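Two complexes follow with chain A in common, the first pairing it with chain B and the second with chain C.
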Partner chain A sequence: MLKLGVFELTDCGGCALNILFLYDKLFDLLKFYEIKEFHMASSFKEHDHLDVAIVTGTVSSQRDLEVLKHARNYSNYLIALGTCATHGSVQGAVEGKIRDKLEKVYGTRANPMRALDSKPVVEYVAVDFALPGCPYDKMELYQLLIDLAKGIEPVKKDYPVCIECKLNEYECVLVKKGVPCLGPITLGGCNAVCIRSGLGCIGCRGPLPKEANPTSEFEILKELGYDEEYIRKKFKTFARGELRW
Partner chain B sequence: MVILEVGEFTRVEGNGKAEIVIENGEVKEVRVKIVEGPRFFELLTLGRYYWDVPDLEARICAICYLAHSFASVLGIERAFGVKVPEEIQLLRELGLIGEFLESHALHLYLLVAPDLFGYPDAIRMASKHGELVKEGLTIKSFGNYIREIIGGREIHGINIKPGGFGRFPTVEELEKIEKSCDELLRMAKRAVNIFATQEVFGAVPKYHIATDEYLYGEKLIASDEERFDYLEHIKEKALPYSFAKQSKYKGEIFMVGALSRLILKADRLTPEAKELFEQNKEKLSQGYVSLNNLAQAIELVYAIERAKEIVSRLLDKGIEGENVPIEPKEGEGIGYVEAPRGALIHHYKIDENGNITYSNIITPTALNHALMELSLYEETRKNYGTLNENSLIRKLEETVRAFDPCISCSVHLVRI
Partner chain C sequence: MIILRYVKLPSENFEEFFNSLKRWGTVYAPVKQGNIYAFKRVDTLGEVSLNYTRTMLPPKKFFVRPKDTLLKLKNGRWEEIREVKKIVLFGVHSCDIHGLQILDKVYLNDPVDPYYKARRENTIIIGISCMPDEYCFCKSLGTHFAMHGFDLFLHELPDGWLVRVGSVKGHEIAWVNESLFEDVTEEDLKHFKEFEEKRSASFKKHLNKEGLADMLDLAFDSPVWKRYERICLGCGNCNMVCPTCRCYEVCDYWINAYEAVRVRRYDSCFMETHGLVAGGHNFRPTRLDRFRHRYYCKSYFDPSAGFNCVGCGRCDEFCPAKIEHVKVLDEVREALK
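For the complex of A and B:
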């Protein structure tokens, strides 16, 4: 049996919750894994060396940083799970320094709880696998954990949302309707679920690694009449400053 | 002086803990510390175009994403003076019902039931009570199916938009809901029987607060028969030890959640849910926080019956699939929605170009924060010295759990 721990930093809880949404498949995983820590689901906790640690969320406080260091130090294989952990997601996109933000929202520059500017897990520690998505597709995680249990090198997706959109034969909302869609520069794996609704991709899986062409997307959106500030905010929402043009 | 530490809480969403200060054997003070980091959603949506905002707000919480995007859409539509037709209202209500089923089933079967049967989690409980866990997962996945077809995805779909939907569900998708209802209703009634046996604990709030309609509304209502906008009577203050702020209603501690909804709005329940409420009325009117669990079980019955009503109404008249067109203009609006764990408030000001200039979000877990501290205070006073430390801490965790807290939600609070 492999020892597994799930650690939540600051996030919406969705990446941990999505594990429970595996339903019957979760019980399949339990044939290979013994859960040593998963605070959303269990009061059972055993400080032990882990074969696999899953970390969700951003580092947004000193507490998060300590949890992350513990997870890294006590595990052989660390998975950064979800766009918060891999790219910073929405809280990573909020501009400004921590004390200015605290002042605006809590009315004081004091920081007794030791909040930090939100950053992804990958900025602090080396990770063995980064699986983005807000949330990730639960079957991707299932496959990853099965591969690890069987000693198979897990495969990383490397194509944009557009590929899945085409395979489903959805109408291209960017070209046909002029809807701002980030599908061309966003990593696929979601089965183009938002385009199924006739809505533009908002980029929740983060930028397509290496091959994204944000400059060209930027020009297309500008030609469609969207102003630069609007596009900049849209590009930034899930991936902080990663998309440059 | 002894400081008793409870935490971090397990089998709840998010990261929180409690500190209980004891001096000369007396409980002096209780602090519920929300240690989940701040995410500054109010700053994130500032200057953003209204159309994109519900998709961002959904990310506040995964368990109740649809309540957040719905409250956001309502606030925006009210700012523009937009009214949507019955079809869209019913479909949104149906989506929210899906969320209630998903969230209540998670809370009751996977997070609370292990306390009733003495297990650390539902996975270990499944070895002896497999049937019960399975029923919970069935209700949960049914709720998620509804979230998927209405909300666009199990978690963080973006289908609920100002003016309507990206995509309307098909007749076949709705028929599938109708077919499952009877079997699910039997399961939910079994849950009511199980949770009706739970002993009572926690504090009794002075007031209950909810939205004026059962699942959402135009105003809030309180148990002193007030009907009001939140700014009139709810005051918040920041705490040095927590990323969540604390609220009082007319200076007093209050509750939001399933128990509050039943106490304030039992007249609007569906037939079988109403009957179950009447059967348990005496117990529920004691008002202890722990009864929120039983109240949620009764709401499972309500949600399934109501889903059936809505679907049959929609199928009778057919789906037109027409959205309401929106012209952005300057305005201000508040959306009040019942998240599974209680009333949720989204308040916006929007400029003439449709960009957000002000936003304020108050979540149920933040509204319940003061009552949570009071409940821990009373439970500790009752049990300190008689229960050993581990049993006491377990009891306090059960008390926190009864609120079905969503800690991720609670840390994004008022913009001053």
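For the complex of A and C:
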């Protein structure tokens, strides 16, 4: 049996909850894994060595940083799960220094809760696998965990949302309806769920590593009549400053 | 095999003819879905868009499926999944028939792809005439008229359809439905010719094929590729919709703790890992390499065997960056002067 720990940093809780949403599929995972820590599922906790640690959320406080360091130091394989952990997501998109933000919200620059500027897990520690998505596709996590249990090197996605969109034969909302869709520059794996509903991709899985061409996407959206500020905000909602143009 | 026989299907018999096709298999035809067309299962003639421009995914999807489960891992053994159904593809354009013939060369030559072969053998193809739109350039490539690769081909006439019979199966369908057909008259042939002439004059886009392979030979370092590298999103949409793209990826997925499926899906040469080989070497590491590669694949690698492009215009229509295949090649040619 492999030992698994799930650690939550600052996030909405959805990523940890999404694991439980595997429902009966969870029993497949329990054939290979023993859960040593999973706050949302059980109060049971055993601080020991872990084979696989899953970390969700951003590092937004000193407490988060300590939990993350613990998870890294006590595990063989660390999975950054969800866009908060992999790219910073919405929390990471808030600009400015922490003390300025505290002053704006609380009227004081004091920082008794020892908050930090929200940053993704990947900026603090080396991760073995980054699985983005807000929320991530739970079946992708399922595949990943069984692969690891069977000793199979998991395959990282290398294609944008457009690929799965076309495989499903969804109407292209960008080309055919002028809907602002970030599909061409966003990492796939979501099976193009938003486009299935006629919505444009909001880029929740972060940019396609190395290969995204945001400059061209920016020009395309500008030509469709969207103003620069709108596009800039759209680009950094989940990916912070990672998409430069 | 070219079997020449022309018959006429009068308009009033068209629906009955269409309905009779169901006895040969499940009928799939172009249907409008939002702002695109797609080959879908149809029950009545009313659902069919006879005047469609092009479907987003070409009829290739029936033979090499976008996502196709090939094997199933059960009790530690791989089992083959091969269910073949008889289908009728109704309303295939000439360019797509040519596209299938290009795929045939890949999938039916040794080593034969058994999935492709079985589906191809169980499919009846009924072509239909069309009028070009602003994206079509099939005439430049000679793929605007199909001489073979279909069972029946319907050409629009003012009062019905001129039907070309193109295979033994086609003869069989015509024979079974004999009462629906008439002999072709001189006037029908005149109308057929008029239609083809009008169509021929309607093409707005032309590809200069002359010395294309030599031209590409000289243009490997053309600044035009570099310019397009900055515009191209590398999203692979052009590959996904192409009737002649034939790369696929094979992945395994767990369906429970001990059972898995092996699925193949369309792959795109615009993906960074497409050129990745053992040892971490990548023979097309940059977007520029991959962008250029697509043009060489379509027009250069084996000119004696013909082009791997049928001029259907799908890559232009579905490119978010509005990159035009013909324009790129024209600009590359121009830059050499």
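Just so it is clear, the second predicted complex is superposed on the first by the 245 of 245 C-alpha atoms of A that agree within 3 Å, B and C clash if a C-alpha of one lies under 4 Å from a C-alpha of the other, contacts with A are read in each partner's own complex, and residues count from 1 in each chain.
Everything that follows uses one rule, which is that contacts are C-beta pairs under 8 Å (C-beta built on N, C-alpha and C of every residue); 3 or more make two chains touch, one makes a residue touch a chain.
What you see is a predicted model; the values in this text were computed from it and never measured.
In the superposition on chain A, A:146 makes contact with chain C only, not with chain B.
In the superposition on chain A, contact of A:196 is made with chain B only, not with chain C. Touch counts on chain A: comparing chain C and chain B, the chain ahead is B.
Of the two partner chains, neither chain B nor chain C is touched by A:126. Using the contact criterion defined above for the overlaid structures, shared-chain residue A:160 touches chain C, although it does not reach chain B.
Touching of chain A by both chain B and chain C, each in its own complex, is seen for no residue at all. Residue ranges on chain C touching chain A, taken from their complex, read 33-36, 38, 56-57, 61, 66-67, 230-237, 240-241, 251, 253-254, 256-257, 265-266, 268, 271-273, 287, 317-321. Listed in rising order, the residues of chain B touching chain A in the complex are 8-15, 33, 35-44, 47-49, 52, 55-56, 59-63, 65, 106, 110-111, 114, 120-124, 126, 137, 140-141, 144, 152-159, 161, 165-167, 238, 240-243, 245, 397, 406, 408, 413-416. Put simply, chain A touches chain B in their complex at residues 8-15, 17-18, 20-21, 23-24, 26-27, 30, 35, 38-45, 58-61, 63-64, 89-91, 93-96, 101-102, 104-108, 110, 112-113, 115-116, 118, 134-135, 193-194, 196-199, 202, 204, 230, 233-234, 237.
The residues of chain A lying in touch with chain C in their complex are 25, 28-29, 31-32, 142-143, 146-147, 155, 158-160, 162-163, 166-169, 171-172, 174-177, 183-185, 208, 210-211, 213, 215-217, 220.
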